[in-house]
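Here is the structure we will look at, set down as structure tokens.
Per-chain numbering from 1; labels A, B, C and D assigned in written order.
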Amino acid sequence: MSHVGKKFPGTIAVDDVSFEVYAGEVHALVGENGAGKSTLMKMLAGSFDDYTGRILINGKEVALHSPTVAKKYGIGMIYQELSLAKPISIAENLLVGRLPKKGPFLDRKRIDSETRSWLSRVGLDLDPNLPIEDISPHEAQLVEIAKVLANKPCILVMDEPTSALSREEVDRLFEIIGQLKNQGLAIVYISHHLPEIFAIADRITVMRDGKKVATKDKAEMTREEVVQMMVGHSEREFYHGQPRASGGERLRVEALTRKGFFHDVCFAARAGEILGICGLAGAGRTELARVLVGLDRKDSGKVFLDGREASPRNMAAALRLGIAYLSEDRKSEGLALRLSIKENVLAGLIPMHSKAGVYLPEAGSAVLESLMRELSIYPRDPSRTVGNLSGGNQQKVLLAKWMACGPKVLILDEPTRGVDIGAKMIIHAQIERLANEGHTIILISSDLPELVGLSDRVMIMRKGHFIREMAKEDCTEESVLIAANTDVARPAQEVAHG
Amino acid sequence: MKKAASIVAFVAMAGICACGAFGQALSAQQKANLEASLKVDTSVLKSADNQSLIVLSSQKKVIPARPADPDALAETDPLHWYDMEYAGWNAKKVNIPQSPADGAIGKKIILIVHGDHPWTTACTLGAMKVAQACSIKLKVLSPNWDLAVQNQMIDQAINEKPDAICLIPLDAKAAVQQARKINDAGIPLFLFNTLTQADAMNYCVAWTGPDDFGQQRKLARVWADEMQKRNPGAKELDVAYVQHAPGGSPYFARCWGPMSELSGYAKTVKTVAKEAPGFDADKATQVVSDWLTRFGPGLKGIFAADDSAQAIGIFEAFKKAGRTDIVVCAAGNSKQGMDLVKEGKLFAITYQTAEGDGALTIKTAADWFNGKAIEPVRYLPQKIITKANVDSFYPPQW
Amino acid sequence: MADQAIAKADARSTAQGRFIHFVNVIGIYFAALLFVLLGFALQAAGVITNFASAQNFLNIVDNVAMLGIVAVGMSFVTYSGSMADMSVPTTMALSGIVAVQFLKVGFWPAIAAAFAVGLVIGLVNAVVVGRFKANPIIWTLAINYVCMGIIRVVWVNKQIYPDMIASTKDVSQAFDAIYRLEVVKGLGGNPLASLRLPLVMMVAIVIIGQIVLSRTSFGAQLKLTGSARKAAKFTGVNVELITGAAFIVAAITATLGGLTVTSLSRVGAYYNGAGYDFRAVTAIVIGGMSLSGGRGSIIGVLGGVLIIGLINNIMTLIGIPTLSQDMIRGAIFITVVGINAKSLRSLGRDDA
Amino acid sequence: MTTHKKLDRSGALSWVDHNRIYLIFVVALLVMTAFAPKFFNVFNLTTISKTAAMNACVAIGFTIVMICGHLDLSIGTVITLAGVVGLGLKKYVGYEISVPLALCSGALVGLVNGLLVTKVKISSFIVTLGTMTILQGLIYQITGGNSIALSTPDAFSVADFLGHRLIPLVTPRVLITLVLVLLFQFLLSSTRWGRNFYMVGGNKSTAWLGGIEADRQIVVAFVLSGLLAATGGVFFAMESSAATRNMGDNSLMYVLSATIIGGTAMSGGKGGVFRSFVAILALEIIYDGIILFGLGNEVKIFLAGFILAVVVLYEAYASYRHDRVVGQRSELLAELSAAGRGNRSTDAASSRG
């Protein structure tokens, strides 16, 4: 199996790229958002019927005009967005399009046994008849991986497969990748996460602006070089890590509990401080944020804002109190993709820009103008539809929306997930600026360099408990990671005392 | 549960056997029952509008000979509608059960109407009044304008084995199979209110109800006379018809009935338009407004199939256009219609007794139980209501 | 930067975005104009007469006034992303019959009672669809059934007449005037051309509706909710409240429509308002409002209502039987929506 | 390994939830048997099955469309159209040809619906609303507002045949419906082709990526819906020996309610043909009982709305609850209950002390 090559003259998303992957290798594909990685791979998976250029598998030219055809040629793809049908059972999702048959009818027994064996392959023990909507998101991610593996592909494309997985699950996945590689599969691995890339890739291809920059063996490259190829400068130089003079206590959380999600969480944050919250997937970070802004109801505990108890009943109340939350899912929870930049940025200010019920969007023009400039939102035309912007700019619009509200406490949940490095740097600069201006920032992030680089303090969450607080001096990517992975049997309070 | 059901079944069976044991000859008890039944006087009953509840049409309907192929005649020829208008008169009755002639008292009748409507409520009330007077057990079923449900109710009614079934068929044509089914079960059937296809008449003891065609023809003459009076010497009187909802006999009787009548009676009357806007006042307003735009002052008369919503809509349209010269007649006997007659807007309407309709079918069944000879068709009286006599018809039945 | 590439595509799409706006709002009036021209052409060809008269145009708008009132309210529901309020017919019937019943007390109590009933239905829909996110179509359909059952059970299949129930003749005349009141008499010197209350109400509701939708914070939040419910929720919009409010608006206009239709037919009965659900949806969709929410305008809906009025008028003037008109109406409906969908799809937004 | 609580994955409640419609059916049957006069006998039960036959047949196709995540509002008019075509052409070509033609007319309407939904990409609600309106006009155009009846002996013999009782509860028309229900239930649950409908409704892009021709599947669903609505309509008309202009008008709301009550979700991907069938039977039992009790349509309408409302409300509430607890961690809950037990025991200890 060798040599996949294709040309796309004139196309904007992917421009005249040749790319090859050999049997028995893990080929990493890296690049900023919008660099064309995903588009390139979707062509391979048969998602487009109007690509130009040629694709060759095993030296023979093939026309991959539909997913069926691509599948026939043994191409399997794990998508960034889950491609599972929620009301349908795990088994049928896993074996979609090729449910085992006995004669003309389905072979229930084989469906069950086959599903179970593939699930156990990725470390899941679930009833194959459960619908996807009844399992948790990271279980679903594993089912997604199992689904592609079950197709026994000879070329496997993975687009950000680890974004929803915990450390253990990532390790397990890498183990599987290793096995597959030894079986002679060609694996394309797309990720923003450079440590992962360097952990498993054999060769690395860097893309930028829809063009290929270079393909090299891992041994010939360093992380810095890769980053430089992606953006033209190093990632490291960005985090200044200047200590900030933080003010008095702004937010205090006492024994906050939402049953089954997080228990007895206590912490305090000062004005002008960036408080990082670190934890693996499912540690309860997002759930904590949701309770703080009133999206979910707490079961017990107290929250104080500037010394006054603050338990908002809904997001609107939270906003009035001055707590805002930038959610991790910008496409469905963050932005109204069909509306314009202006409408999105000013969305949080509707009550404030209204007099006696009359909405005056012009009142926000100045704010809008300055935010678009500060965040260098591109294009600069506020009437543009947000859905047509690049991921990075969408994320900037989302941040701008909350900056416009000027909250006392801003909770950022994965503020740079899936964002290219250029946008990431702008966003980081703005976060630091907000803190310097005296806003309290609670930063939830799985991106350890970001978390460690930006935060003044880091709280470690594990399995629904706060287990440790680390000061800036003690924080390194490694120490935080180790802390987040350590099982602590004691309740959080004792840790706080210790 | 099952036990209870079987007991019920057993008792029913026992009852049937017991009845059978008496054989054909009337027992003394039956004779007494018959005598008591014959003594019942239903002529004292009144409907809500203070009219006598049961009045048979005094005029004898003249039945012409059937043309060879009525469909071949023009729609404006009265005989085109022969099969519909004279349905039942020439029926070749099939397997009609013999009357037990043992008196109506204590008999059980199932009355199946077509659907819920204030008219139906009044009709049912009339039927109940007679049933009460005759000591008939009456059960009323309403299928809510759903043919499938009406079929179901017929099945249920057959299962209950009543002494007779009275039915307003939802559809003139579907009535044939319905009537056959009831006939097959050996239950006497009395159709009423809507005219059915002629074949259905073969399976029923009798049909009762308004002579829709005859009545509309009568109304048409009054209408034409008034138009001619208001437009003396006019060579052409343009008229339009607001039709009933398609499907039943009123759709035809209340449009082509007058139309075919006037083709002979008043040749100057010319039909320029007909529409079936349903029974929404606002849709009738729209249609009539557009007619006024289209035909202008030439339009001299409108005949409506319904004197409530449609009539109201017509006069709203007139008001907007400032027209008062158009002669409007309508079929029906609703409160709104009578009010419009009283106001002098609507020229004439027909008297349609809803209670009388329901009453007549029960009365006919009672007569049959009492062993009287039943003519195949019984009409309700024909009356035209105009401003002159409208007061005597208040209060309205529904 | 890849952004520049996107910007190029985006510039193109902005031009198309304006085109969409054109199709959605101006386009609908363009279509209406086409029908007017068709009418002129038919008149010139001698197929129809008197189409081009002030009286006829007044008739056209007069005849769709009630539909307009109901459609504008329901379009709030559509705009909020809840597709349609199928409980409109019985809301109309129930509020109408309750009003007639309360004429015994007086005119204003009757109006108040009607609105109280409408509000209760709206509130129930608001809670169930807004708060518990029940499927709006199915839920409102169920409520439609339930209300129909209530009317039938309470009034036992009878219909009631305003003049028989009203305490005094004045009261029943006042009720009669809801449909018949001439707000402006003798328009342009023509004693017959006058503006009646339903038309005035429709115009007022259209103006209020358009202002509410485009100029108030409620409208802005409704747009956000309709475009992206979850994002709106995460932006601090009380989406439950906003969605619920849309249903209440629909219920209020349905009550107005119910009062008008009851006043017109001079009878309180369960069948008043039948068919207004689908008629309103048709007007809304022809008017360019997207069933997926957040797109369209009240002015557009008015255009849709007017087009329906024009089609009806022209077809009756030609003399096409009402029931055959359905075929043409249906075909026009699908064509208009198809064109709309296609123009949206050229932008990759197949959400019409 | 996964550590999440298995939500509603077992337990009586979940079982009840899943088999809701069968419970409603059994309860309705028991209540009516116990209380409704003359309910539980062969005649009456046959009446029920006969009445249910048409709508049950229509519900098959409607359910398939709904499983695909779409809605077919045109079924009512397709029923009428099929009746009109089937009976109207009989005198020219006989039932042998007119019935297939009637079925084809239904399938054709379905095809048009399907193509407009998939190719022009208009929401199915709108498309089928449009075809519904068009068909209303078309039927009027064909019939001139008149019903079509056949009163020839051969038509009567067909009608009698379709309506006669083969075995208790089953007439030939019921048998046709039963066979179709079982056939489609089987196809939908046990063939790849059938499962594909669920996949398309569950997530169209998953289906597409899985190599399922989603658009074709949707078109097939609409064609089936048209075909089965026509089947229900034409056989009903044949048994009545008449096709009326509005015989299908009441079916849409009825079938829609039954399908929802049966547990097929409007969002697609869930449900089943057999469930809809049982729902129709359950409703029919309730309606029949209402008639036997001597209650009027007002009760029936109210109850129909009430049942539908309760089911919709329950489902909305269930998903509202589901959203609240999805993702709960079992070990945290375990910890909590352990703590609770601990507290209680210490309380007990202190009170004893």
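Here is the rule we go by: contacts are C-beta pairs under 8 Å (C-beta built on N, C-alpha and C of every residue); 3 or more make two chains touch, one makes a residue touch a chain.
Remember, predicted model here, so these are calculated numbers, not experimental data.
Between B-D and C-D, more contacting C-beta pairs join the chains of C-D. The distance from the centre of subunit B to the centre of subunit D, with each centre set as the mean of the Cα atoms, comes to 37 Å. For this pair, subunit C with subunit D, the centres built from the Cα atoms lie 30 Å apart.
If each chain is reduced to the centroid of its CA atoms, subunit A and subunit C end up 43 Å from each other. Averaging C-alpha coordinates per chain places the centre of subunit A 41 Å away from that of subunit D. Residues of subunit B in contact with at least two other chains: 116, 246, 276.
Residue positions 140, 145, 267, 296-298, 301 of subunit D are each in touch with at least two other chains.
Counting partner chains per residue, subunit C shows two or more touched chains at residues 152, 156-157, 321, 323. Under the touch rule stated earlier, the contacting chain pairs are A-C, A-D, B-C, B-D, C-D. Contacts from subunit A toward subunit C in the complex involve residues 12-13, 32-36, 209-210, 295, 314-316, 318-319, 325, 327, 332-339, 343, 347-348, 350-351, 353-354, 357-359, 361, 378-379, 381, 383-385, 388-390, 392-393, 401, 420, 422.
By the touch rule above, subunit D contacts subunit A in their complex via residues 1-9, 190-192, 195-196, 198-199, 201-203, 205-212, 265, 267-270, 322, 324-333, 335-336. Across the interface of their complex, subunit C is touched by residues 116-118, 120-121, 246, 273-283, 285-287, 289-291, 293-294, 296, 308-309, 312-313, 316, 319-322, 335-336, 339, 398 of subunit B.
Those residues of subunit D lying in contact with subunit B across their complex are 30, 33-34, 38, 40-41, 43-44, 46-48, 50-51, 54-55, 140, 143-149, 151, 156, 159, 163, 236, 239-242, 244-247, 250, 287-288, 291-292, 294, 296-298, 300-301.
Across the complex, subunit C meets subunit B through its residues 48-51, 53, 55-56, 58-59, 62-63, 66, 152, 156-159, 161, 163-164, 179-180, 191-192, 261, 264-267, 269, 271, 274-275, 312-313, 316-317, 319, 321-323.
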